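What follows is a set of notes on a single structure, which appears directly below.
Letters A, B, C, D and E mark the chains in the order given here, with residues in each chain numbered from 1 onward.
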Amino acid sequence: MQLARVAGTLVATRKDEGLSGLSFRVLEVLGVDGRKSGGYVVAVDGVGAGVGEVVLYATGSSARQTTATRDRPCDAVIMAIVDSWEVGGEEVYRKTPAGGEWAS
Amino acid sequence: MQLARVAGTLVATRKDEGLSGLSFRVLEVLGVDGRKSGGYVVAVDGVGAGVGEVVLYATGSSARQTTATRDRPCDAVIMAIVDSWEVGGEEVYRKTPAGGEWAS
Amino acid sequence: MQLARVAGTLVATRKDEGLSGLSFRVLEVLGVDGRKSGGYVVAVDGVGAGVGEVVLYATGSSARQTTATRDRPCDAVIMAIVDSWEVGGEEVYRKTPAGGEWAS
Amino acid sequence: MQLARVAGTLVATRKDEGLSGLSFRVLEVLGVDGRKSGGYVVAVDGVGAGVGEVVLYATGSSARQTTATRDRPCDAVIMAIVDSWEVGGEEVYRKTPAGGEWAS
Amino acid sequence: MQLARVAGTLVATRKDEGLSGLSFRVLEVLGVDGRKSGGYVVAVDGVGAGVGEVVLYATGSSARQTTATRDRPCDAVIMAIVDSWEVGGEEVYRKTPAGGEWAS
């Protein structure tokens, strides 16, 4: 899985019938230090993630193993909202009511 | 999923029998800002996308989960035509009858 | 799928039993402009493609969806020989009896 | 599979129900020489790997073939803790009680 | 599939039970010209390849289609030992009892 920040939303009314009812999020991929890596992915939201939240997403066939996406033509899914992570014993990120706090 | 613009078409009469009846589109991959990333992919069209349209495509085994592509030797499929997307609260792209409008 | 040119052949007599009877092709990956991208892949030939021909190949689990490759330990397959493609309304490549013609 | 060092942990309480009970590790990807490659991945821990250990991880659908991860929306799993590896007849790394020894 | 040279071995005693009995090889990935590309992968050996041999390996779910690796958490497998390959009508590599001969 990779880390990402929910940067926005995407609307598509004309789509494969297997996608009806799913909502799309535009994700900016993050490095392990929490900085933007420059990449992005459009993912289905499996957990109710809002814009600005830091999430974990899975790709490939694993993206079809959530309740929302089973057997759907979907290759990326948000499967968790991140509370915190640490590297080398130091906390890099912690979610707060204000939207998340980063180690400086 | 990634964003792309339908740049053209591809014809192949000699192909695996599992591909008969499918039509191929040449896609130019787009960044989240709507600019060409330099990459491309040849995808099966699952939704009737025309040249110039902005689409979402899925790759890998997920590309075989549409009605058109089930059990076919196909690793990329257009599964949605994009109406609009936004990043950071600002609209990047909106489809119009004239072919789409981009934030400048 | 990606575009490639069949650059050569590969022989391997000692191999997993699931590969017996399959023939391997060395593919040079092409950009959408028909130029070599610098990458290559060794693919199973599912359509009888000869050296010099321009082909489409599929990767991953989709490479096992042809008659020749079902349930084989194969992650790349030539699934079509390209007749022509166009980008932006201009033809980039057209197959000819002499081996293919490129827009200059 | 690729080599990595367990760099830290990640906590996510709001996640797809298929992930309950799994623990996440932040992995720094290693080159064959044992140096950090700059990449990372968040993986499910299938073998009880601690921070600082050198591990092998698998990605894609293969990440769902462990007892812990079967049918889970997980695309990366630690499936082995590395004791040692060698390249060109020279040992690159050997695990020790103190945390691992590297050829200098 | 990609070309690689078996560069060494890897030992891991603590691993997912689905991996018991498999042996790991460290592969240096080769370009189509037979030169090292700089990448590597750790693969399960499905054909008894020795250090120094030039092999073909498959990745992803296709790596689980050999007798040795079926349903195992393994995402890369050596599925053939290469005898020779040619590009543009010229032989690039041919296996010899002494370990392989390269076009200069």
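Definition applied: a contact is a pair of C-beta atoms (placed from the backbone, for glycine too) under 8 Å apart; a residue touches a chain by one contact, two chains touch by 3 or more.
Computed from a prediction, not measured in an experiment: that's the story for all the values here.
Asks: Show which chains lie in contact with chain B and also with chain D.
Replies: The shared contacts of chain B and chain D, listed by label, come to A.
Asks: Between chain B and chain E, what's the gap in Å when you average each chain's C-alpha atoms?
Replies: The computed centroid separation for chain B versus chain E comes out at 34 Å.
Asks: Between chain C and chain E, what is the gap in Å from one C-alpha centre to the other?
Replies: Each chain reduced to its C-alpha mean, chain C and chain E end up 21 Å apart.
Asks: Identify all positions of chain E at which a residue touches two or more other chains, and write them in rising order.
Replies: 60-61, 63-64
Asks: List, in order, the chains that make up the ring, beginning at chain A and going on to chain D.
Replies: Counting round from chain A, the next being chain D, yields A, D, E, C, B.
Asks: What residues of chain C sit close enough to touch chain E in their complex?
Replies: My answer: residues 7-19, 24, 26, 28, 40-43, 51, 60-61, 63-64, 71-76.
Asks: For chain B, which residues are in contact with chain A within the complex?
Replies: 1-3, 31-32, 46-48, 56, 58-67, 69, 77, 79-89, 92
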